[in-house]
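Beneath this line is the structure, given in structure tokens, with notes to follow.
Read from first to last, the chains carry the letters A, B and C; within each, the first residue is number 1.
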């Protein structure tokens, strides 16, 4: 358990640092890359919780698809190398204040609720097969609905994006 | 192999899913017809979509005649009387909006086939919402109904305002979704379950008032407050309503808002039992929404914006019964359902008239209604009836909705309910002021730009108008009709 | 009990040592194999083009790659002035690291019997263990995850160079990778459905009963063909090497790279070729399965594995020597309109086959339904594609 805790600490540090840099960096591509680092770090935390399937899905979906498309979009439009000053608006102190307050509230509620709880070792580990069974039984309706949603989103996106 | 064999097929109740499946099938057929006949299919698209929506009513009828509550997946997907009433409402509203869209979309030469496909998808999400008793289903249903709506709001691609409408709606929508998801994750972490009934029992065990449960519940409710454009989460609504194509505006103001209300109903009456948190929240939100919506509506000069703010205020009225959900749960639920049904018809009617008038005047300003009575007396009378309904003047339908509201407040009793009742009363008076301004324009002002040509109503728009008019009047004169729906629309307590 | 038997009864220092050894051996093996792969490719292409190829350094030019490597190492490391310094340095490592990581899940040896989970082990220092660096329960998904991260290496290299040719190359690369990842994943799913597991070790164990149990045969060849094509595209190998189309883009994404950083990209590319070949052998050709003749029993499976990989290495070079590069729209058409529908259909067909077997359905009815579905789906697909072409033509006439 010690190894897991050390790994958890290191990964958390990386995630927090990357998250902070993500909003403070003045280069949009760097910002996206720090977001990748945050997502990758979360994927590492999932591995520590013995949820490999969620971890790989996180990599496949967020890093492999969503963020690639982000970067793709940035590169196709404009991708300045170096700093761009307009990245940070003038209202950032207010935003920072709101974020801090929200963070404090959430942190308080989490500590209040789970502050003294410990993760029990040797609990049931949910394998990929279990996830699949759940998706195709209990959550079959939302699952199918998502496929309809993706189709609709695709149709709409093509209509809106195509040149007339 | 072992894993594959261990899987048991989920028990699916095909009859209970029939309305959704019908809609899905019609959506698919629409896409296929579009692919195969291409340009030629444009003529039949609205007909197909309309017929499909009415076809969806058939299984709802058979389910209603059957009368048993059907629960799937341990109560995660429930087809009870409440769901049936709401599904029927969504389908009828969808049908009316298809009727309203036909000429608008055709004249503007927008992408017709895709428009109806997206609308059906969105309606499918609403049907799903009415049955979802599970956090994941609710969220997926919300996205399924919202994402096509974001794109429909931007459907007039050439117009700056429409783009603004779509973008604003989208950004605020995703923001709200993010907040809601965070709340859902907190609730899941707290209760270890996504199903409403288990959440309710787990929260009851925890006394329901830890910091985290309050936070989780508030986040989820705030997410839906965005959806129903409750103040202070309403800023997207006026710009989106004004910029979006008018039939889409009607869709957002009626169907989309109703879906948000349905979700709130399910959350408040099934999942969240901690009324000591929920009731003050809704008290505040309802009072704010009514007052702010009405006060801003007073100053509007654009008819669509006016209807947008009036819609916000009406949303506030609908939120009122939530504030007494604990003391008078049955009455409160009835009041919301009745309000939703009546609101749908009277608002759709008002939007139909606006559509008809703006087809001629090409303007959304209030002045364009000037002297309407002199060249289009029928429309003027219809609009008068709809506005009277919205203001709550008998015999037009709206009065019964307000009556239900007060009845729920009276049932609950107590100082808080009484003060809220006073706020409702004051707001009803304010609302009357700006509805009267529109009436004044129509009946007493000179004709807009001196253009006296009569307004030609197309058959589709005319039908929409007639349906809305008949329903509004019928609900006003025979309130028992809608009252009956309100009474049967009980949430099933299966699996609780 | 699944997973590597090495970890079944706690972890001690010997286990960690064995693990370290495996990593070092696998890495060394890949490096050396890459070196010879480069030589192999150059030599083979020369043969196919009636040239001699490298023949100076070492016997038959065998040491040519080594000499190149040393030369790269001592060259000046140039960085363009507009380049983004950090990302420019980071990109080659992403490419190289992901290339190596995917190889970790490939079982390179061990005698497999038809009983999954227990066989395929060898004995090192008195411990039973698998001959693969890692056997995570998500197994083959790791390959997909790594190939999706590998895109970053190329994409960031192109962007951070601050120059237009690399940027165009990298944009092409990411579009290509995303398009073909779907087909690649779908053909992997076909195998996963048949095997009922994601673990590469178990997938290999399922194919231990001779050639007719190889997934190449039981999945009906089509997933393999799709995988081969999609893998070639993922690797940016000819005929899908639009990323570095020399005639249009100078050198593509690595135009601005020089010295050891260029060598890293080079290394990653060839490492990926070897890894993909190894994965194909694992998924479709029974991995290390094969007859054992005499002597050391652990020796033969590894030999079989390597020979199978060699065949694919040859095929990749062969592709390069014979096939002309696709145009960009042809590339996209092939990916979206042919491979993805094909693999989707085949996936459904395989599922149907499995369902029929487990539910005892009438096979005539089942396959008649499948044929009907194929006919209907195919007709719709072709109609849709025709409609798309028509719309495209109309648009280009209007413009």
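The criterion applied here is as follows: a residue touches a chain if its C-beta (ideal position, glycine included) is under 8 Å from a C-beta of that chain, and two chains touch if they have at least 3 such contacts.
Predicted, not measured: the structure shown is a model, and the values here were computed from it.
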Central chain of the complex, centres being mean CA coordinates: A
Winner on C-beta contact pairs when A-C is weighed against B-C: A-C
Interchain centroid distance [CA atoms averaged], subunit A/subunit B, Å: 32
Separation of subunit A from subunit C, taking each centre as the mean of its C-alpha atoms, in whole Å: 27
Centroid spacing, where centroids are CA-atom means, of subunit B and subunit C in whole angstrom: 51
Multi-partner residues of subunit B (at least 2 other chains): 3
Multi-chain contact sites of subunit A, meaning residues that touch two or more partners: none
Contacting residues of subunit B [partner subunit C, same complex]: 1-5, 32, 35-36, 38
Residues of subunit C defined as touching subunit A within the complex: 82-84, 86-87, 136-138, 141-142, 144-145, 148-149, 151-152, 155-156, 158-160, 162, 167, 170-171, 174-175, 177-178, 181, 198, 395
Subunit C-touching residues of subunit A, taken from the complex the two chains share: 27, 29-30, 33, 36, 52-53, 55-57, 59-60, 63-65, 68-69, 71-72, 75-76, 79, 81-82, 127-128, 163
Contacting residues of subunit A [partner subunit B, same complex]: 105-106, 108-110, 112-114, 129, 132-133, 136-142, 145-146, 148-149, 151-153, 155-157, 159-160, 164
Touching residues (chain side subunit C, partner subunit B) in the complex: 193, 195-197, 354, 358, 380, 383-384, 387, 390-391
